Amino acid sequence: MNFLSLFVLIPLLMLLSLWLVKGTKGIRAVMVVGSSALLALSIYLTFAFLAERAAGNTAEMLYTASFTWFEPLHISYSVGVDGISVAMLLLSGVIVFTGTFVSWDMCKEYFLWFTLLSMGVFGFFISIDLFMMFMFYEIALIPMYLLIGVWGSGHKEYSAMKLTLMLMGASAFLMLGIFGIFYGAGGQTFNLLDIASHTGGATLIEFSQQCIWFPFVFVGFGVLGAMFPFHTWSPDGHASAPTAVSMLHAGVLMKLGGYGCFRVAIYLLPDAANELSWIFLILTGTGVVYGALSACVQTDLKYLNAYSSVSHCGMVLFAILMLTSTASTGAILQMLSHGLMTALFFAVIGMIYHRAHTRDIRELNGLMRIIPFLSVGFAIAGLANLGLPGLSGFVAEMTIFVGAFQNADLFHRVLTIAACTSIVVAAVYILRMVGKILYGTNVNPDHAKLHDAHWEERLAIIVLIACIAGIGLAPSWLSNMIDASVSPVMEQIQAVASTVSKSNPFL
Amino acid sequence: MNFTYTIFILLLPFFSFLILGLAGKWLSHRTAGIFGTLVLGVVTVLSYFTAFEYFTADRVDGVFQTLVPYNFVWLPFFDGGLHFDLGIMLDPITVMMLIVISTVSLMVHIYSFGYMHGERGFQRYYAYLSLFTMSMLGLVMATNIFQMYMFWELVGVCSYLLIGFYYTQAPAVAASKKAFIVTRFADLGFLIGILFYGYYTGSFSFDFTNTAVYLNGAMPGVGADFSKAIAGAGFILPTALFLMFVGGAGKSAMFPLHIWLPDAMEGPTPVSALIHAATMVVAGVFQVARMFPLWIQYAPETLHIVAWIGAFTAFYAAAVACAQSDIKRVLAFSTISQIAFMMVALGVCLPEGGYTDNHASLGYMASMYHLFTHAMFKATLFLCAGCIIHAVHSNEMEFMGGMRKYMPITHITFLIACLAISGIPPFSGFFSKDEILVAAFHYSSAMGWIMTGIAAMTAFYMFRLYYGIFWGTENVEYHEHHTPHESPAVMTIPLILLTVITVTVGWILPGSFGSFVSATGEAYHIHLDWSVAGTSIVIAVIAIALATYIYSGVRQPIAEKMKATFPALHKWAYHRFYLDEVYQFVTHRIVFGIFSRSFAWFDRHVVDGFFNFLAWGTNAASYSIRTLQSGRVQQYAFVFLLGVLVLILMLII
Amino acid sequence: MDYSQFLNMSDELSLLAVVVILFMADLFCCGSENSTKPSKALSLIAVPLLLVQTVYMLVNMPADCVTAFGDMYLSAPMMTVVKAVLNIGTVIVFLMANVWMNREENQVKQGEFYLLTLFTLLGMYFMISSGHFLMFFIGLELASIPMTALVAFTKKNQESAEAAAKYILTALFSSGLLLYGISLLYGTCGTLYFNDMAAVMDASNWVQLAALVLFISGIGFKISLVPFHLWTADTYEGAPTTVTGYLSVISKGAAAFVMFVILTKVFEPMVENWNLLLFWIIIVSITVANIFAVRQNNIKRFMAFSAISQAGYLVLGAMGGTAQGMTAMVYYLFVYMVANLGVFAIINIVEQRSGKLNISDYDGFYATNPKLSFIMTLCLFSLAGIPPFAGFFSKFFIFMAGFKAGFPWLVFIALVNTVISLYYYLLIVKAMYIKKSDTPIARFSSDGYTQIGLALCAIGVVFAGILSQIYQYFDSFSFGLMP
Amino acid sequence: MATTIIFFVLAAIILGCALLAVTTKHIMRAATYLLFVLFGTAGLYFLMGYTFLGSVQVMVYAGGVVVLYIFALMLTGRSDNQKEKSMSVAKKMAALIASLCGAAILLFVIISQKFAATVLTAPNEQLTSIQTLGQQIIASDKYGYLLPFEVVSVLLLACIVGGLIIARKR
Amino acid sequence: MITINCFLILSALMLFIGVYGFLTRRNTLAILISIELMLNAADLNFAAFNRMLFPEGQEGYFFTLFSVAISAAETAIAIAVMINVYRNLKNNFVENLDKLKW
């Protein structure tokens, strides 16, 4: 048994033990042990992976293993990781770990679904079989409904339903796209690597086929990546979700979208990506600016952050579509960075909401004096969000911009510059929010005696900040690790990049 | 020469920030202050030592070597041979800036010990100061434009945090936000400039030796021919440089991006002295100076645009400064005006004979010189203003007047700094400003006369301020309640030290500044052009006399009359020509009011509405077709039959 | 005359043996109307017997196709497998029926219940293994007519009576048309033996095309495909819950499989034509049923529309008549069966314990009966096609088969419809978990039989997908026009 | 020729009575008309020479089914139940048009098919003799009907059980 | 000259008369009577096809025979159901069977 499978196995064991244990203490023990084990495993994986690479192992995926599963349908249980997956697993490990502490007071059922969600996420990132990938993708989606619907707040039923339906609608597109890829490549293998390298019975997918299925796959994953105009599940969903779920959703689940777009849409359908990227570039570019501007006038903290996520996640897809090595690396970095900082943001917002019972910017004032620890956490999340150097957002955004600038034509230039403006707008909404709720003097007597963070909340916040700062201060190992894994995809692209997109009217 | 120890110039304040920031809660004010100041003291010593080492080292070909003790790839990019490096680069202007920053910063550290005494968040204050010092030092020691941008952003954030230090007060919060957003907006230009620059030259480095190769030959990245054609057309590099200048204009408060600086005076006064007078605001000038070889070689026409922007800013700020009543505002506009002088000085450099001609590029040296001197005397002015505010508890001139009796040391130092800024010899400002004027005249006499006129306005409004504070009508009533008193030694000593520098730096080292800092790196000996210097002295004296005539008396009939005669002008000048309101209108009404609101509305009602419509449509369809399931079995059979018939027809037709 | 060929029909004969044993048991063991506890014995006999018979069938499975009575009877391993699947479903139905049978008014009728159910099952067996349209027709009738009696089982209940009337009327109408269709086939082919018909089928013969439509309408009635589905909701709502469960999976599944077999065997030359028909029928079925299901309040009626929609997915496997499609279809049937019967078992026990049948009655169900609502959730998720439950796999495979057969846009429409179906399945989940109720269904404990049945369903829902052996087992027997 | 005349007479009776059976307001009369239709059909079987089939038709249908109907009518025979009001004209028209369209399509399809133009002649006694039928119905090879015969018996058994469960009082 | 088409036309008409009856009668027993017409039409078809087109075999003949038996059984059950309905509703009108709808 390949040790990557532990990423699925541990959550399974957690589910089992959660089912068996009784009492809050037992649940907490299971969750803490389990999530720590996952975090430790992902850290170990990172080191092992780097060591392996340093030792000169240049295989595209490491630790690969494949077991035939549905033999007649050529479905196999295939796992493997490259730098991107390792980064994503690390992110997931951190978020699940901190999410556990953030949802300290929750009940057993909550943790059951929470763990199932985690299992889906981890499984998705270790899969290299399209079927498995899709399966884990859906496993990760559905617990969302109950997590939001039962433990959420506000219009939770509406939001939960909307979120679930939109994401499932996306998965309908995705499934068709996967079939298209599978049968387009000869219907012999679901293995990503085989399809990409035309081995294991896979053949080259015809150009016309690629152009049909690329939009399906891209939209399918893009919806989860909050691609404009399919992002509207995100503000409502985030606003209604309980804290840790928001964290996990924005922090990890939305990354499934970007990861999938890159791993499946771009990697397996490079010709179509080259041909059709302009459509989605316009959409995502619009989303980047649009999300940022929409965030400026929100009054609910979670909505604000959700729109900011739309903008940032739009940036991920935007960067992926730039089809350059740097931009793609930046996209992955942005996923990591956004995952961490949004998780931090949602965590702090949730904690504030838990105390003040409101998330309305207009009703919160002067929190810095009352709950300094949370406020500082909030401010740091905000600063990371607006791309302060030394924190992760800066690294990711700069990589994206430099990468996007490698496309020299006017079309890409204009879009890139438009996307750059989002960092200004980000400053506007972040500072507006920070200024309104943290600064000033508190006028609401109910808020005067709020207590600051508990130890478990502090732990979560500190871990997240440490990760954000860690990436922000020392990004090159990560960047190199990711880029080494981006390059196979880029080779696919470069094989076709000489042909200029014929359908793009702006070229 | 081994300059590896320079790394500590960056690391020490950083650790100081970490310690004060993380552990500050458990430290007493005193410990925190002393710790921060001591660390900064060490940094200052190191800086001076570096300067000494550097400038005493041998020149190669008559030029100070550009040294890079550290440089490593911090963030690799994978296309076009680009990478984001961090490192330390030492060249004359860096070393000069090290001295400026560490000196002023140390003074401010010491001064704040008194000024901020007993303030809540004292540790936080010192943490921010440390962070700022680190960032500013990093900015000037950057080896490449991207590193500069990185620290550029960091100083912006420090500025934000420090302006908003009194975060419970709404104006401070608003001012900090404004400062950050305006500069951030300008930084967008900087970033795009960097991106253009990096793409077309294949490097972010300040080592320009490779740049020309890229410009003339093969391009990195995709589409070699295309980019070559553009670069050949010759507007890429000027565009990139101008975009970078936009960033610099934001930081250095060039018109029309200056609006944040007056508001930034909401921060503690020592912060204004450090950040908004001496160091951060000159980052824009420093940036242009840093890229100067490229400017002068590839974009001289654009450089002149910079000069004119600077000239206009200088004039505008001087005009506004004449009408302000808040002493820090006056100083702020004065700062804007003086930085604009520096900008003009850079802008008027001429490319004749290439950039190897020190004479054509006199402005470069003048600008740096003025940067240096200005930092000292403007810091003095701000710190004096701090003492006064400390004593009066107000920024408004109406609460002052006649302060000379209460605060003699402050009075003297303030006066000396005023004389310096007015360009009266032998104070340092005279020498540097004179060089600027010479450079301006060298460029065109129109520019020269304009700048001379503005120099006179400087003298006028500075002495208006001086008289308003120390002479003029004393607000006796107010002073009876709060008798002003001289500040403690911890505050006055920095004043005196800075004043000593101001007084001495001009004539102790006459002409020697140019031998350290010049456009080419070769020694340039300053020699006063007495025709220009004489004119400027005369005009300055006249302006001072005018100010004395109008403002020094207990009653100021002429000032009143002037106000009454040109009420509109005064009002407009007082309101800074309503630029803030214009910005307010554009941002709030247009960007937020129209775009953001309509986007948010669009999102909720159109995009979201579409998906809700789908759901509603399904439900509505469900209701509307329910009669199909009427419960009548004969209808069922009817449908059954129709189904069969339709299917048969489908097949046979 | 060779009576040994009866041995080729071991499936049917063994089931007949079960019927006879039960008949006898009913007669002798519990025949007395005064006997106090007759039921236990009968279900105790019926369930193990059926299980034994299932095992017997699977063990005795012929290695290859067998025929008997001069091609009148055709069987293949896959058919035995399908019969076994139906048997398992029937076992679950029997398990869940127990609590209902134990009611006082039903105790005396329980023998009939088991017998009638098994008669219909036998009819399906014959239908599946028919080699001649006469056998098909008799099998179909044997599967429908006793069903009427089952629907009308609680005959004092007006709704049950109405449901039975609607069922039998529509059934007769459709069998009239079907019979006419078969007569047209006879008229054009001159024979009704499946093995001989394909040779004389001709896609340009309009009469045969009309007969094809009539055949599809007749069998579509059993599968309840739109537009032949309108009886479904009324009958499902009115029939006793266990019978509804039985109707919704066993009878539907058998008919779908038979349709697949006959379409590929008899109507093989018309593959283009029936693809066209099924294409539209599937689209309309899934869409219309989903739209109806959205606003139902009675949970049985709701499940009826869900079942219609599921039937659309099931028939998707028949597109193109590929072997992969057959595997997918049988697998889908199996998975759908466990999940749907799980839901019905819960509906049944809730109805028996509290008499409540509305979705809104399920508000707050989780608070009072967490285990039941958890299993219900699993089953609903499986029906909606959510991994890791089996429904996901079956949906994926059936769509894959449809895609492979060359109908990507049909698959796409079906996929979009899964979103709507997810919506209404989630409505129940929402009712159970999220909504609060002042009068929730009280806490109760279910009887042992139901518990066993639910356990079977839960195991099936969880493991039928992950364990690929099941799919591969089906796949090793499947056949079709193309691999 | 005689066959032709007889056929048309029978056809007329069948169609006429069928129409009457579905249009008359009195249900008892409808049952009676049905009887005539069934007799007519039996007549056609006889005309084709399918005497056994004809007799079965008469016995089972006329003798069994129609009597069943009449009993049922008696059982449900309250006066207001016997005579039905007709449906709304619109519904009737819809039904009529649908039926006519159906008939038209079906006839169109049938006529378009060129069936062999065999003319109805005297029957071949050999094929339809009782012996032949008897042997075939218990034959187990091809064209033997032992299996359906057995299965129909099961069907009938099931119907008995089913009928019992519905009809008996408890 | 009686050809197969004569029988087919007759049966088709009979079938659709039955259909018409099914769609228009209000009494459930009358509907059942209409169904008898439909079944009878199909039976006639089998016999006619056998006699006119495939006289050498007996398939249609036997089909008719079995069909008659099956229709009889069906009718019996159907009538039982209708009587059961009558017991519950006290009448037999099909429009009263509308408790289950929508």
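We just call them A, B, C, D and E in the order they show up, numbering each chain from 1.
Definition applied: a contact is a pair of C-beta atoms (placed from the backbone, for glycine too) under 8 Å apart; a residue touches a chain by one contact, two chains touch by 3 or more.
Predicted model only: the values in this text are computed from it and were never measured.
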Partner chains shared by chain C and chain D (touch criterion as defined above): B, E
Number of steps on the shortest touching-chain route linking chain B and chain C: 1
From chain D, the most remote chain by mean C-alpha position: B
Chain nearest the overall C-alpha centroid of the shown protein atoms: A
Dominant interface by contact count, named by its two chains: D-E
Inter-centroid spacing, chain D versus chain A (mean Cα positions, whole Å): 70
Euclidean distance of C-alpha centroids - chain A vs chain B, Å: 37
Averaged-CA centre spacing for the pair chain E and chain A, given as whole angstrom: 64
Separation of mean Cα positions, chain D and chain B [Å, integer]: 102
Two or more partner chains touched - positions in chain C: 134, 138, 141, 145, 148-149, 152, 155, 164-166, 169, 173, 177, 184, 187, 206, 209-210, 233-234, 423
Touching two or more other chains - residue numbers and ranges from chain D: 94-95, 98-99, 102, 105-106, 109-110, 115, 143, 145, 148, 152, 155, 159, 162-163, 166
Multi-chain contact sites of chain A, meaning residues that touch two or more partners: 165
Listing of all chain pairs that touch each other, if any do: A-B, A-C, B-C, B-D, B-E, C-D, C-E, D-E
List of chain C residues in touch with chain D within their complex: 1-3, 5, 16, 68-73, 108-109, 112, 115-116, 119-120, 122-123, 126, 132, 134-135, 138-139, 141-142, 145-146, 148-150, 152-153, 155, 164, 184, 187-188, 193, 205-207, 209-210
Residue ranges of chain C in contact with chain E within the complex: 133-134, 137-138, 141, 145, 148-149, 152, 155-159, 161-166, 168-169, 172-173, 175-177, 179-180, 182-184, 186-187, 190-192, 233-235, 237-238, 301
In the complex with chain C, residue positions of chain B that touch it: 615, 618-619, 621-623, 625-626, 628-629, 631, 633, 635-637, 639-640, 642-644, 647-648, 650-652
Residues of chain D touching chain B in the complex: 94-95, 98-99, 101-102, 105, 109
Residue ranges of chain C in contact with chain A within the complex: 324, 327, 381, 386-388, 392, 396-397, 399-400, 403-404, 408, 411-412, 415-416, 418-419, 422-423, 426, 429-430, 433-434, 468, 471-472, 475
